[in-house]
Amino acid sequence: ADLRMSWWGGDSRHLATQEALKVCGEKHGHTVAPEFTGFSGHLEKLTTQLAGGTEADIMQVNWPWLPLFSINGDGLADLNALSGTLDLSNWTPEQLGAATMNGKLNGLPVSTTGRVFMFNKATYDKAGVPLPKTYDDLVTAAKAFKEKLGEDYYPIDITTLNAVLIVSNYITQKTGKDLIDPATNTVAWSEDEITEGLNFYQMLVDNGVMRSWKVATGSGISNLWENPAWSEGRIAGSYEWDSTYFKYSDTLGEGQELVPVNILSVEGGQTEGVYRKPSMVFAISQNSENQEAAAQVLNCLLNEPEGIAALGATRGLPASKAASAQLTEAGTIDPILVDANNIVMASTGPNVSPFNEHPEVRSVFTDTLELFAYGEISAEDAADEMILGINEVLEKY
Amino acid sequence: MTTVSETMTTQDAARAVQAKLARRRRISASIRYAILAGVGLIMLYPLIWLIGASFKTNSEIFSSPSFIPKDPTLDGYIEGWKTSTPYTFARFFWNTFLIIFPKVLFTAISATMVAYGFARFEFPGKKILFASLIATLLLPNVVTRIPQYLLFRDIGWLDSFLPLWVPSALAGDAFFVFMLVQFLRAVPRDMEEAARVDGANSLQTLVFIVVPLLKPAIISVCLFQFMWTMNDFLGPLIYISSVEKYPVSLALKLSIDTTEAFDWNKILAMSVLAITPALAVFFMAQKYFIEGISSGGVKG
Amino acid sequence: MGLAYVMPYLVGLLIFTAFPFLYSFYLSFTDYSLMSEPTWVGAKNYEKLFTRDRTFDKSLKVTLIYVFTTVPLKLVFALFIAVILNYRLKMIGFFRTAYYVPSILGGSIAIAVLWRYIFADTGLVNMFVTALGFEAINWFGDKANALFTITLLRMWQFGSAMVIFLAALQSIDRSLYEASAIDGANAWHQFRFITLPLITPVIFFNMIMQTVQAFQEFNGPYIITQGGPLKSTYLLPLYIYEKAFKNFDMGYASAIAWVLFAIIMVLTLVAFWSSKKWVYYAGDKRS
Amino acid sequence: MAGLTIRNVEKTYGNGFKAVHGINLDIEDGEFMVFVGPSGCAKSTTLRMIAGLETITGGEVRIGDTIVNDLAPGKRGIAMVFQNYALYPHMKVKNNLGFGLRLKRRPKPEIAEATQAVSGILEIGELLERLPKELSGGQAQRVAVGRALIKSPDVFLFDEPLSNLDAKLRASMRVRITDLHKRLRAEGRPATVIYVTHDQVEAMTMGDRICVMKDGHIMQVADPVTLYEKPANAFVAGFIGMPEMNLVESILDASSGGANLSIGAQTLDGGTSLGSRLSDQPSAVTVGIRPQHLAQVPLGTPNALEGDVRVIEFMGHEVNLHVEIEGHPFIAVIDAEKYDRSIQRGDRVALSVLIERLHVFDRASGLNISLGGA
Amino acid sequence: MAGLTIRNVEKTYGNGFKAVHGINLDIEDGEFMVFVGPSGCAKSTTLRMIAGLETITGGEVRIGDTIVNDLAPGKRGIAMVFQNYALYPHMKVKNNLGFGLRLKRRPKPEIAEATQAVSGILEIGELLERLPKELSGGQAQRVAVGRALIKSPDVFLFDEPLSNLDAKLRASMRVRITDLHKRLRAEGRPATVIYVTHDQVEAMTMGDRICVMKDGHIMQVADPVTLYEKPANAFVAGFIGMPEMNLVESILDASSGGANLSIGAQTLDGGTSLGSRLSDQPSAVTVGIRPQHLAQVPLGTPNALEGDVRVIEFMGHEVNLHVEIEGHPFIAVIDAEKYDRSIQRGDRVALSVLIERLHVFDRASGLNISLGGA
């Protein structure tokens, strides 16, 4: 059959995917027309296509988009129905669960990713402090940095999205709960818990652990890795997706070394609170006339040696067991990435609800946190507002 | 004797005044150039940066604010030109041309015609029609995007260039129509009247009289349409899905995935290339703004 | 006769424009998540918009501030440069092109990067500011300043307004400058009393268009500040976009868009009405 | 067949100003009709209505047998010379000239030939490659005339086509235009001409008939001699003739059978011939005497008017004597050869009147009451 | 002190056309100088150079004692009326008039007053609230004149300011302008005027002196009487006077002491007075006779020229008789009262010549050789 597949990405992903499609197409006797773009605008494009029913047969879908496209599970094809063709055994139930909407498997996780701490060892060495293991270590490190290296040295950078995730991580460690209670589909944290998390954030700022929100925004450079302060080691750490390790290490100056470490712990934490999720899924169009064929190609891409080899690690460490094994064996993947990923995989934490990344939920969280960070509202009010706001969004589902 | 010397001194004085005037002119000219050049630099700053950066290596781009690359490389251009698709950038330029050419051409024609109709004729419903023209300008197009997409889907024009230029060819860009209407209303009717008496029908009047008189404005229309089409990213993104039909604007963002590391110098190098036609076209067209057809026509 | 000339527009209107336009109006009365059919909800979207939506209020305020600072500044600047570039100077072609460059760069990604560089805490602008002995300004981080960087970006891209002004300056009868020179007008007088009144049709055009564009400003804040900090650059189009393509609430987005439409429409009508007083059309019919 | 019929034509401008008040006029096929009248009397407006450039707000205009009120200008078979030239600024002179023919899709060589011919007539051969802005005022005006001539239409409309030319050129152009008109008539394809001018010589020498207008009304339409010798009213009398006719308020006393016209303290005896024509007329009249019908006579001559010289204008072959008689300004035109050069400003002189050429107008209506049945 | 000195002034236009060839002229403070010349002879160009609107490509212009070549127009103390009016299209008539004063920051009431005064003089009082496009041609021209008058400058530059007016209005405007000029002179604040016209009457009656131009050269500068009676060359002779002087090629034979001028087969005897002035002159000459100096005499009268009547133009008080003599066209102007109305086209007539007023020009140089020492 004649199929189409759409995705976004960079050059290496484009090349690899085109190659893989050729290979898998030939293998199963299909032709697959590639449709790819950069990331910007891809959501609009995909949305428009879905609204018009003209989407490609196979789509790369960002995990947080799932509830948008298919809150009832019927916006995309239910892959359970194609389990004859798709070898679902390559994924853990947890992984499949993350891609299941309303009981329907809407996509196959391509890779699993999560946040890890990464620190610039060179700077820490210069300051004579070990790499942190707990959040308290950060405060200690900050003191040492200011004394030994200068006022503009920071042990870590926590702003905007990172701030949201760190606050989340802190509260999750404290409570052992994800932001959203899957049972009731409401905010799981209490007002006090959130207040505590916010105060914790403020404490970090006050101790010079990271730049304040305002200063960070004012730096004008939204991407940390583009920031000279990062490449020169003045900002000596961050909390990032494991898969983005190289993005951050590439721009480091000579002699610097970026080391991924275990999740920093909070005193009395109930869990490590890892933020782990499928990075993206491959989905099949509900409107596709050749779902079977699409499933063949999809299976080839994710589970069959030809496809796996061709795709390589251009979408991170594969979630599919077969792929992961094949690539590890072939040594295609840089060991440090494996290390980072291992940290993510090994850490504990409650399941992360996709609603964490629901745009409205995210905005409420971020906006409120920003208000708090700018000192516009108190921690209590912020906590209150967050709960109200997020619950209001969730109510719709 | 005294009178002679008097006239001498008055003449000298006159010369002195002359010299002073000339000096003042020179000074004011140099001031003008200085300001022009100074402000011009601010205008050019990004372009210079862009060009400089396109010759830098990837890691140098953000680490050094200097314009001049430490060790210049053509890699950005060579790699960028190849692209991650089966096609080179030449293909994307060609696609852009296929869109721009009919679009600019027909926009100029249709916008001029429609503007002429609005500015020079009375007909029933003119007010309402003109109001609708203005109205289409006012609605944020975010919300018409989906319905428009559905429309073109039903016409069967998806993944073709047609949605990108046909509406413009039917005077769909109210901006241009409105602009030409304003220009036309500022042009006296005398010449058109003469042409009418000379036996020109209204179309001939349009072609032979109005168009030449509106030349600067029409050239602006073409320029804008050119630039904007060149830069338009969202339109092609939504309507074109086959890579082989991508125009430059889309191809430029093809490799940018913010969640991944990507090669800035390639992208910048191709940006430079993408800007070049626009720069060239503008440079060539701007001379029509030097001396239009001094509209008064006759002097004594 | 006239109808024949506007035919292309009429056809285009009926085929391409009318449907999306009206459909979006219909959508503003629906709940439409894009993935399912729209469901009619009456005026609910509007009701929410006017009574319970604080983001809208805030965003509208920011938008109005933005529009009423950017448009006049940009117009004055564009006209000023156009007048200068209308002289016959050496290398004028080069200068004109140079001044148009920012507009050619348009939405190019380099612009976003660059603009953030220029206004960064240690950027070019702050280098000046500190050189002048002032304290460095937090451009993006301070909610009082962020919007201004967007305004400046748009002013800096004054090219298209300038080109339109340039084209208009061309059409002024030279003999009027001669007559006024003899009347004793200096350069300023000529500008004020001849140039300005005679290009009022185009000033009017630019004014309307710049206002409309400012109301629809999206790219600037989107690529540079993402609406922040504290939503101080969160213009309405950003909000509409977010509602439409991030929250998939197309019905609500349409409602906001139509409210915005109504606001611009009212302003435009006022402008058209006032134009009778100050715009001079040499080509309008004698009778 | 391109006579013109103008029936009750009116024009009210957008600002409410009524420029033309229901005029009626018949112009025959091939006739040369001259429009004259004071500035602002609606000559151009009338012409523009005939051309179709101005909407006719009342009445109808017919060219030949067709009502043209709603016909496009280009379809009326007319050519027009505009008062402000209205040359196409972006076209060279030759293209300005050839434009009309080009529209008619005449072959190129024919256009070139016609352009040559017309530019010969108008002496603008050297200017063909210039743009309008490179022309002098007179040159531009000639190009405008050329643009009309080249089209050989049924009806020519000329709006002050020679006003910017010097006397010599003007005289020669005048002759050329009349010649052309006559030649066309002789060749059996007569062209109707409407010619607006403020030049008396043009009006008198060119027109088959002259239409005198005032404030949007037609005052008189007649051939030049009639107009000059038998003006229908004081306005026409004053308007035609150079220098203008001396018009002075007077009291008529025709009771004696003669006609005594008192001008201030002085009285003119009109004799019985005039008297017979003026019986039964009101006594409040205006007397009209052409400057050429005044002659300088020795002081004390009977039936002569006496007054003080105010201005003496030397005109070459004749002298204009401005004389104040009983507080009224009079002009007398005196042959330079017969003129007494010793006369000075302030001197008192006597002027005799050519009684047979004297006109008497009803002061109320302005109508000429001295024409009688003659 | 606003006399004008023009020294070797030249003008070459951008397209390479040399319009003015090094002219020299002195105009005194308060003088009324008229420029005349054929269309395209560079009158406007010269005026525009004086005004500062056209760069002077050679020589210098001084106003008073200042070389103004590089002075801005507004600083020269001049006012100008443009041939194409150049009214500000977007300003009402009153603002067009008041604009110059407004720029000088005169108080509003003063401007209003001056506007009233000027519009009174020019009879445009009712038009003050109109826009230029709502004016007739003549009205627009008057507004243009008003714009100059209102400024009371040192130097007035008028470019054919009355060309679009009818005879009557023109005559009255003419008088008003000269009056104004005289009044200013009388009041001790004389204004220098340069006045371009193609109207002979204006030229002869208004100017203190007349400057006759041709193809960018000055042909003669003199007061009107001198210009008319003693033209320096054939061009001036032909240009001044209406209808123009009859100029005909002739062979001079002054050997007998007298002056025999042969015109074709006929010969004119100039008598000894002329003969004495013409001895030693070349024999190839041009004879100039003003039409007014020809009189109709019975056929056979001695020393009269005979020819055939070609055209008879009735001009009201006089008749233009176009007569072909020996193949040359002659015009004779004959008093209408003395004119024999029986004469028909084609008749043969005899014309006597007023020998004292006859001019003889060297055919090669064009110079008048009959002026002698007188």
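Worth a mention:
Chains here go by letter, A, B, C, D and E, matching the order in which they are written, and residues are numbered from 1 within each.
Everything that follows uses one rule, which is that a residue touches a chain if its C-beta (ideal position, glycine included) is under 8 Å from a C-beta of that chain, and two chains touch if they have at least 3 such contacts.
Please read these numbers as outputs of a predicted model, since none were measured by experiment.
The chains in contact with chain A and with chain B alike are C. Chain centres defined as mean CA positions place B nearest to the mean of all protein CA atoms.
Ranked by number of C-beta pairs in contact, the top chain pair is B-C. Taking the mean of the C-alpha atoms as each chain's centre, chain C and chain D sit 58 Å apart. Rounded to whole angstrom units, the spacing between the C-alpha centres of chain B and chain E is 54. Chain centres here are Cα means. That of chain B falls 55 Å from that of chain D. Inter-chain centre distance (chain A to chain C, centres taken as mean C-alpha positions): 37 Å. Chain contacts: chain A has residues 44, 51 touching two or more partner chains. Under the contact definition stated at the top, the residues of chain B that touch 2 or more other chains are 145-146, 188, 213, 233, 253, 256, 294-296, 298-300.
Residues of chain D in contact with at least two other chains: 13, 84, 135-137. Taken together, the chain D residues at the contact with chain E in this complex read 13, 15, 17, 36-40, 42-45, 83-84, 130, 134-139, 141-142, 159-160, 163-171, 198-201, 204-205, 224-225, 228, 238-244, 290, 292-293, 313-318, 320, 333, 335-337, 354. Chain D makes touch with chain B in their complex at residues 51-53, 72-75, 78-80, 82, 84-91, 99-100, 103-104, 132-133, 135-137, 140, 147, 151. The touching residues of chain B, when paired with chain C in their complex, are 32-33, 35-36, 39-40, 42-47, 49-50, 53, 65, 110, 113-114, 116-126, 129, 132-148, 151, 166-167, 169-172, 175, 177-179, 182-189, 202, 206, 213, 216-217, 219-220, 223-224, 227-228, 231, 233, 252-253, 256, 267-268, 271, 275, 278-279, 282-283, 286-287, 289-292, 294-296, 299. Put simply, chain B touches chain D in their complex at residues 190-191, 193-201, 204, 208-209, 212-213, 215, 293-300. Those residues of chain B lying in contact with chain A across their complex are 59, 62-63, 83-86, 145-146, 149-150, 153, 158, 233-234, 237-238, 241-243, 250, 253-263, 266.
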